[in-house]
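Next come the structures, one after another.
Paired with chain B in one complex and with chain C in the other, chain A is shared by the two complexes that follow.
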Partner chain A sequence: MKFLNATALSVLLATSALTTDLHAQELTMAVSAQSAGQLDPHVSTRTEDKIVFGMVFNGLVRFAPGSMSGEDIEPDLAESWETSEDGLVWTFHLRQGVQFHGGYGEMTAADVVYSLTRAADPDRSGVSSDYTQFASVEALDDYTVQITLAEGIPSLLGVVANYHGGNIVSARAAEEMGENFHTNPIGTGPFAFDELAEGQFVRLVANPDYFRGAPEIDSITIRYISSASARDLAFQTGELDMIAGTREDRWVTNMTETGEAVVDVFEPGELRTLHINAAMPPFDDIRVRQAVAHAVNREELVAFMGASVARANEAPVPDGYLGHNADVTFLAYDPERARELLAEAGYPDGITVPVAITERASLFAPMQVLQAQLAAAGINVELEVMEHSAWHAAIRDDVSSMVLYGAARFPVADTYLTQFYHSDSIVNTPTAVTNFSHCDVADDQIVQARSEADMDMQMALWADAQQAIVDEVCSIPLFELLQVFARSPDVDLGYELEGSLSLGPVITEQSTLAD
Partner chain B sequence: MAGFILRRLLSTIPTLLGVLTIVFVMIRVAPGDPALAILGDNASQEALDAFRERMGLNDPMWVQYLDFLRGIARGSLGESMISGTPVLTSILEVLPYTLELALGAVFFGVVIGTPLGIMAALKRNGWLDYLLRVVSLVGLSFPAFLTAILLILWLAIDWRLFPVISTPTGGIGDRLYNLFLPALSLGLIMVAYVMRTARSAMLDVLGEDYIRTARAKGAPMRRLFLHHALRNALIPIVTVIGLYFGLMIGNAVLTEIIFNRPGLGKLIVLALNQRDYSTLQGLMVFSAFLVVMVNLLTDIAYGLVDPRVKLK
Partner chain C sequence: MTATVTTPPQRTPAQRLLRLARRNKLSTVGLILFGLIALAAIAAPLLSSHDPLAQNILHRLEDRSADYLLGTDVYGRDTWARILFGLRVSLLIGLISTALAMIIGSALGILAGYRGGWVDSLIMRIMDMLLAFPTLITGLFIVAVLGANFWNIVLAITVTILPKFARVARAPTIALKEREFVEAARALGYSDVRIMAVHIAPNVLGEVIVLASLWAAYAIRIEAYLSFIGLGIAPPTPTLGTMIREGFEHILDSPFVSIYPGFAVLLVVLSLNLIGDGLRDAIDPKLRD
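And then the complex of A and B:
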């Protein structure tokens, strides 16, 4: 009997050892979207696509996993680089022997030249404006690339990092597939694209030839589930190993309390800003804009969103971005003063303004809090609630007197300042981006800072620009909302997650999944 | 019969054309921008413009309309603005999942609804009848998404019998397992419809003279019921199934979203949110065609169940 037991036990052990060995490590995560967009890093800037790019592609340099700080930029496809004294000529020395997925051969300087040229071409790229200062990109030999700039830019390493246009694609694959590249993207990353089921999922498989070593995890399925409760439920039942969370205190607490989840709260903070349309009366009067600024209570907003996921910010550029001005002087919460200003401007009985807002809770909920705060100071906001993409179109048509907008951008002050506050970016113009306020008081500082070689001077210009924007009350920066994900304790990312420009916990070759 | 089908098909052309025009105009009147939806909210203006130009969105509306009609006339539903895949391919890819779901729902509806309805008719005004009538009223008033959520809570979360996300892949066993919850939640509405119809149809038939005659002749209850009554009661039930099969495809939208199942409904919502004009148009044309076909098949089914119905 004992013998039998022992045999049974050893057989059991042997088989379980065998099954662990054979058991493929398959990780399933869900993000908040209805489908993948176009899986081409030069085309799509959509949140849900970024995490795929972060696993499939590499740049010349990269932000170390778990960080989005410019100080943590490290070699990726380039092993080393040097720059000319004026900062206009950059030479990158490529790593040798890096293979593209799907047998597309070795990555060489030709692929880098092709990729950066493609990223700069508005016909093939959604991020071409980042590369307007690129005078030329040349291959000096198979493993050396030289970039020449027409004018200095704030962060060259930033635009050749593993973020959007900096991702290197296989020239041969992109040429062969043409417009279909986005349904079969070919990169050099730890995971290779395997399958796309529209409206359902994207599947990635481990790239055994990855130059940093083969990944521990065999495959990743990224499911697109737009309903937060459906994600939460499927996570609870163990169908999902990792999910995009809801950016609320309550959610973080509930998830943490289950004891079966690790909640990651990380950078970048998406800054929520109330842009005030100065081209639309009564906001053409600065006193009315100042009244709005005095009526807003940031502390209350942060308390509403929850201190674990939100933090107040008074500067137009988010915290953690290179050039953020932490010492900006701003108009403090003072509803009495707001009423006085309105009366001075000729509105003793207050004002009523129409405001378009998306139906999505992440903006709609704080807008309702703002509505109540403003009403207390005599500013009545009539909300026109719209379907999300209709709202995006409407605010770009310049029809809303105030626009509450949330965004995370490349973490250098220039990006934020240019897109939201440079007069070229004013909405409803041929060069429009997202300047909803018609702000034009900081153009000079923004432009000068771009090519300023002296770092201190550059920082001073950016600080100056932010102060000018706050003084003019182009907008009222409110609070930042951090990124939130939950993962099963079985998932070990293999790095400390403090920030992610991919807006999600990227799985690397070192990440593991316990059984 | 062939002539009947051909005439019916021809008569659908004006209907389809009307649907096409309405859809074409409505989605363009609705605010929103496919370029923005695809490229993301911080895409540069020049990239957005280049995209619109490439997709022909800068052409005058009537040019776009003619292009669209020309495509349809050639039998092409066009290509998705987002993925570039032919719309018909996307539809055919997910159609089996929606059909599977609608069939599953009809299955539950018929299998549960018919016997209950007949039982209610046989025990007319008894407690069972009252109970079933109340239940079916509740069933009719329950929105599909609510039943779906309740079923998920009980069967997937509390008892962990079925998955929360319904993934229709794998072998037939896996597929049925994944289909069970969505089909049941959708089928419960169908149960209510079928039950009410079956009850009243059965009551009608049971009141007919020939039933009284058969009864007077001393026909056994079993034979009376199976041979004389049931077959005649089936006609309205078949109509309801045909009618509601179309409705099930419509209701499948919500069910598919709640269970995260691929299908026509999910495709429609996706295309709507992304302002993927070509996919939406193609889907609407296809759905209209589907409804017409189901109606046609229902008419044909009449002929099979009831020889008195002549298909001319």
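And then the complex of A and C:
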């Protein structure tokens, strides 16, 4: 069959002038990773997988391409929806005739119920904490889904959008394939999964039946190249059309100066936070934690990363998230004071602490800057460098006294506060998420704010929570790092790229590749 | 080749080695070069005004200047100072592990050769097992399992090159144990340990030392390999391999950050190889004039 197609194509090519139209549009991009994680949107939260989810799956609603603002949420698999007075019952009316990839049939309410239930199930999902307030998800008929909440949540549309748990998978495919689903994901998006070469690339092909229309680009190959210089070289030789950039000023400048690349710097800013494990001596003493806070020089960190891609942030919730507290009072850079505090706490000669860190440059490099800053104040950090996924496992085992972590979440204060600072999320507990600091001082505010109907009151509670976390020095928010990609001028995304929760320039059905 | 046979004057093996090495011009160059490098590493604090760990973010990735002799790395640290201090670590790791491998490996080899029988089989089969792995893989395995720190890296390199010493020490031992002086020693009632240590070991020493000088270069390269792939000593401690790795991320726009420490590795390995070649020529009877 392939042969026949090829023959037919070559005959056409030879006899027709429409060569440009027939030329297969193959886009190749490279991201910074050694291999794909698990290509199941409910399981993997790894950066390099998100861009795949963004192209293979749809949610009930979606963030308009190029935006990550809650105001730009628009219909996706659901054409319309309504909500009850108290905001607890949501009814979604599905688009009809949407087909899953690979002949898995029409997408119906049963798939939506299956997907959301699966996303909420801690045994099958890595993002189940977003769905704890889901009381039930029911199919009223083939094209109507009703979600009932136990309690109000800050943004229901956010958790049914095309972001992690909100992605709708084929119930039949997921059941039939079981464990294998993550190497053969079936969705409804503009591109369908085609092939995964472990440690090399994943290939997606255009879904001609996509409900918004067939994509202009025929196939997308996402290669995994963890070395930045290898990516840059391959891009400069024209082997790649698009690459994940290095988040540094000099890289952005150099790449722009070549004149053969468009550099996209876009939201979200991934907040880099130094979480301090208060359960581990000597950090059980707040004075030692305050000393760390005084020893950290944010300006230098921002200078290191580069002002065009980084900005300082002192609040536990990233800038641009609903509920971010811009006026938080924090401990300023003052290494002298840090030494005094250490002496007061009984460590006049300073302290030495072991810290686990990933080998990945985006965290490893700033950690080394921090190491030098802390050393200047008498806090000696002994780094234990680990492979990225080994490090992820280690920090969740509660073995590191400090954890430098970078993350972008759904842009509402609640997700960040719950996952990083609510006592239920403390690592190494049954309900663990990513509370590395054992912080428990803002539980009340976080819970109250979640279902608070009055917007001002909610904002005040979130501001309160952030101040409490900063006062307790659960963590030291450092700086935000924007997303950086470079693409050939031939690639037209088809939309304005200001932000992407997929952490990359998602290729849509409207994106084009000039010859 | 002359047919005349002269009786060589009696010299200790060490004297003989030195004399022969002196005759070889290239290995003299190697010896001087290595001496200078070792001196530079020892005198590191005197030769550089910068702290190898002090970061200066505003001066990152600068090229050579009067202040920074070899420029700065990605964190604004002085490359010259880091190379000097990195040499210390790299040389220490290379030399300690080679010395350990030499001592343990030769001891095992002599024991195997002298005792023969099942002792020989046991030791040499274990050595064969170690040799069956490609050299870098054994080291990788040990460091990956035990974690990367100074002594684990020393251990990894020691285990990697130890079998080579065992083999080289075993063969001459088998020949030597049949010689008259060994039989004489045995007849005098000396213990096996004494015979192996006092009568056999000195006669094996020559070849083992040649091997050591060559494998020392290799050991330093293994350290650089391991560091380069991220299994080296934890930062901020500089080692030559770590420095090359750190600079590699910026190889396109600031290649010097990698090139200088790379050049340092080259010099160290070259000097050791020159010494080793000279020693081998000196010891190998086939090449002797």
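We adopt the following convention: the second predicted complex is superposed on the first by the 492 of 515 C-alpha atoms of A that agree within 3 Å, B and C clash if a C-alpha of one lies under 4 Å from a C-alpha of the other, contacts with A are read in each partner's own complex, and residues count from 1 in each chain.
Methods note: contacts are C-beta pairs under 8 Å (C-beta built on N, C-alpha and C of every residue); 3 or more make two chains touch, one makes a residue touch a chain.
Worth saying up front: this structure is predicted, and the values here are computed from it rather than measured.
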After the match on chain A, would you call chain B and chain C a fit or a clash? fit
Angle, in degrees and to the nearest 10, that opens at chain A between the C-alpha centres of chain B and chain C: 30
Which holds for A:P122: it touches chain B only (first), chain C only (second), both, or neither? first
Should A:E176 be classified as contacting the first partner (chain B), the second (chain C), both, or neither? neither
For A:E384, using the defined touch cut-off, is the partner it touches chain B, chain C, both, or neither? Pick first, second, both or neither. second
Go through the superposed model and pick first if A:D141 touches only chain B, second if only chain C, both, or neither. neither
Spot which of chain B and chain C makes contact with more residues of chain A, would you? B
Taking the superposition as given, does A:E496 touch the first partner, chain B, the second, chain C, both, or neither? neither
What is the contact status of A:L233 with respect to chain B (first) and chain C (second): first, second, both, or neither? both
Where chain B and chain C come nearest after superposition, their Cα distance in Å: 5
Is there a shared patch on chain A that both chain B and chain C touch, and which residues make it up? 227, 233
Would you mind writing out the residues of chain A in touch with chain B in their complex? 34-35, 37-38, 43-47, 49, 122-123, 125-129, 179-180, 182-183, 197-200, 223, 225, 227, 230, 233-234, 236-237, 239-240, 386-390, 392-394, 396, 407, 409, 419, 430-434
Which of the residues in chain A come into contact with chain C in the complex? 227-229, 232-233, 246, 250, 254, 300, 303-304, 359, 361, 365, 368-369, 371-372, 375, 382-385
What part of chain C is in contact with chain A in the complex they form? 53-55, 57-58, 60-61, 74-75, 147-148, 230, 234-236, 248-253
Residue positions on chain B within touch of chain A in the complex are 30-33, 36-47, 49-50, 54, 82-85, 90, 93-94, 152, 156-157, 160, 163-165, 167, 257-258, 260, 262, 266-267, 269-270, 273-275
